[in-house]
Amino acid sequence: MKLYLKYISIHIRSMMEYKKSFFLTLIGQFFVSFHAFLGMYFMFQRFNQVKGFTYKECLFCFSIVLMAFSLAEIFFRAFDRFHIIIGNGQFDRMLVRPRGLVFQVLASQFELTRFGRLLQAIVLFVYVLITGDISWSMLRIITVILMIVGGIVVFSGIFMLYAGLCFFTLEGLEFLNIITDGAREYGKYPVSVYGRFVLKFSTYIVPFALFQYYPFLYIIGKNTNSFYCILPLVGTLFLVPCYIVWRIGVRKYVSTGS
Amino acid sequence: MIQVENLSKIYKVSRREAGMKSAWKNLFSRQYEEVKAIQNLSFSVKKGEMVGYIGPNGAGKSSTIKILSGILTPEEGTCIINGRIPWKERKAHVKDIGVVFGQRSQLWWDVPVIDSFELLKDIYQISKEQYNNSLEELVNCLSLSTILKTPTRQLSLGQRMRCEIAASLLHNPSILFLDEPTIGLDAVSKLAVRDFIKKRNEVHKTTVILTTHDMQDIEALTSRIMLIGRGRLLLDGTLDNLKEQVGQSNNNLDEVLAALYKKYKIQ
Amino acid sequence: MKYQEKIDLNVVFPITKYITFFKIRFLTGLQYRSAALAGVVTQFAWGFLELLMFQAFYESGSGVFPMGMEQLAAYVWLQQAFLSLYMIWYWEGDIFNSIRNGDVAYELCRPISIYTMWFTKCMGSRISKAVLRCVPILFLACFLPYPFGLKVNIGKVEIIFFILSMTLALLVSVAFSMVIYMLTFFTTNQQGLQIVAASLAEFFGGAVIPIPFFPEKLQKVLNLLPFASMQNIPFRIFSGNIRGVFLYESVAMQITWVVILLLLGKYLEKKALQKICVLGG
């Protein structure tokens, strides 16, 4: 942990070498995710609900997904950009250092610019908290925290899966965008909006619904089953197969070197 | 110290011909070819030895270095370094080696060199005392004191290479792998690097394995030369042995080497 | 004698060397077959999710839905099929790199115009990506059930305008990105510039939600911006959302933007070259 903080401090100092660039990128990031929100806002100017969900409810959903995604991106971004680490030989360097590989990859990047996105998620979240009509209870507060944690784990799992697959091919991994960027973009509406198939897929295959949809229903009071609160924890099991793919990938790398 | 027996490494490479037609063809099927990067390689290196590892491009030099440093797992054969198999006990093994890739940097680009060193200290869990000693020695021998506070990106190539070498030696490894350490350097920097390596070897008895295309590196540093071509070890001996093979001892070294490549048909 | 002729040909038609750039780019694009397959799968899923989302809104209030669901489907499928033609965020990484690390100086040594070379390079890689991807996406989209399917609901005249407008939209997109490439000569912050430019173009070009879904007042402003002259116009012509007099108006708007952006790009190129000469590379 101490070493991780040292890595972070180096990243921050590197970033500060380019202060102007850093802030511009930060602002850029803020706007990029801002247009997802704007799109949603304009839609709700025309329509007052979608499949029985109100604007505020969708906004709540969006802020949770965005928060989980941007936190995952800040800390686990290096896995998402693993093709670069392999491509420039950085991974070879990691192999000749006496530290765990997951740790080294994790520490090799710390995407501060993504704070722009996080900031926006927080603003939206606070906005919904103040103006929305969710009646809060202890269990609901815990559920929100679990949703965010569950979301971070699921997104990091996907990033790790991507990195693991990078060992096998560097092209054709674009389809994973559906479950990273796609989940972020389309996760602004409760999953059920997209129909039964998407809901099933994101319950059993890539467990987005476990941290987004079901606990969300509990929080807005559409469902009183308190079992829904712990579903985000079930969703974290997703990390297991992703880690296995990563391990297999590393093993393949050291036997072929490509 | 280093014991290598019957090492083999095979790659699969995809082939593609030029032109519009084959680009389309390639869209649907792809052909692979097996390339034997290393075949039946055996040698041993004693503690404190300096070995020059030479051969034309693609001869299998960097594959060997990668296997010895634990990055690659070979198909066949064994390799024992300091009593360990590199790819089986990676973490323990790499604590005892230093690697310099001449064409790649291990320093953090935007922060002062000393910050990179500090981080390496923690990565390698070097004790404070040992770190201070190593640093002092390296700074003196490589004359780094004026450039320690400079960000890596502002260093000249020669300055950077000196820092790279220092970074690889902070944890005081018993073996140092140098992959083309003098590539692209000016005369002064080359001499400085060579001098340093020589001294390091004398004082710390560091085992050095050096790959290079620069025959003057070899002449200045190593008493023993291994020539590799098409994945096989062709020659293992002194510089004089090498010259005897061609029988033109008064030619310059590059010509000797070229004649050797020709003789073994490896280029 | 023959040698002489060959050189003359190049002088008379200096365009041949740019065709070579185009071809190289195109061939490199073709090499990545699994990338293309993955792209098709991704874009198909992406388009489908988008349609499902709009469908949900349609069911919740069809009265205020500004396009027909079928029109929207056509818009979305064209958008996915031709994504690489119009999306500003398809940057050419090596152009940015060559500007940043100074390799651009080598390009200056060659007897060619940087602007034209990069322009053709961009066109080449965009078209090669699109060629591979559009066919399967359009094909699949045709067989989807109502209202998600892709159908041709327009007449001959509109088809001609559609093709013309597709071409113009590509020129606008590339000319716009050329302006950004040229601007990177003057900034230390490429990434920020890239992100801001791409996200403006994306949002105001109708990639997040089509322009008819914006509030009406805002639409009037958006239609005047270059972003609306990219994907928005051809796709809406095809879906039958732009017709009659608006056809001429829209295409005229596109032509205007091509000219403005080309001139601006060339002007910036000149300034950039001056700057490089002063700095000596």
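Note that the chains take the letters A, B and C in the order they are written out, and that residue 1 is the start of every chain.
Just so we're on the same page, a contact is a pair of C-beta atoms (placed from the backbone, for glycine too) under 8 Å apart; a residue touches a chain by one contact, two chains touch by 3 or more.
This is a predicted model, so every value here is computed, not measured.
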Tell me, please, which two chains come out on top when C-beta pairs in contact are counted per chain pair. A-C
Chain whose mean Cα position lies farthest from chain C: B
Chain nearest the overall C-alpha centroid of the shown protein atoms: A
Quick one: report the Å distance separating chain A from chain B, using the average Cα coordinate of each chain. 40
I'd like the Å distance between the centres of chain A and chain C, where a centre is the mean of that chain's Cα atoms. 29
So how far apart, in whole Å, are chain B and chain C when each is placed at the average of its C-alpha atoms? 47
Which residues belonging to chain A are in contact with no fewer than two other chains? 18
Quick check: in the complex, which residue numbers of chain B touch chain A? 11-12, 63, 66, 69-73, 75, 87, 90-92, 94-95, 97, 99, 101, 104, 106, 108-111, 115-116, 118-119, 122-125, 151
State the interface residues of chain A toward chain C in the complex, per the touch definition above. 18, 20-21, 24-25, 27-29, 31-32, 35-36, 38-39, 42-43, 45-51, 113, 169, 171-175, 177-178, 182, 186, 189, 193-195, 198
Complex contact set, residues of chain A against chain B: 2-3, 6-7, 10, 13-15, 17-18, 88-89, 92-93, 95-99, 254-258
In the complex, the residues of chain C that touch chain A are 32, 34-35, 37-39, 41-42, 45-46, 49-50, 52-53, 56-57, 59-61, 64-66, 188-189, 191-196, 198-200, 202-203, 208-209, 213-215
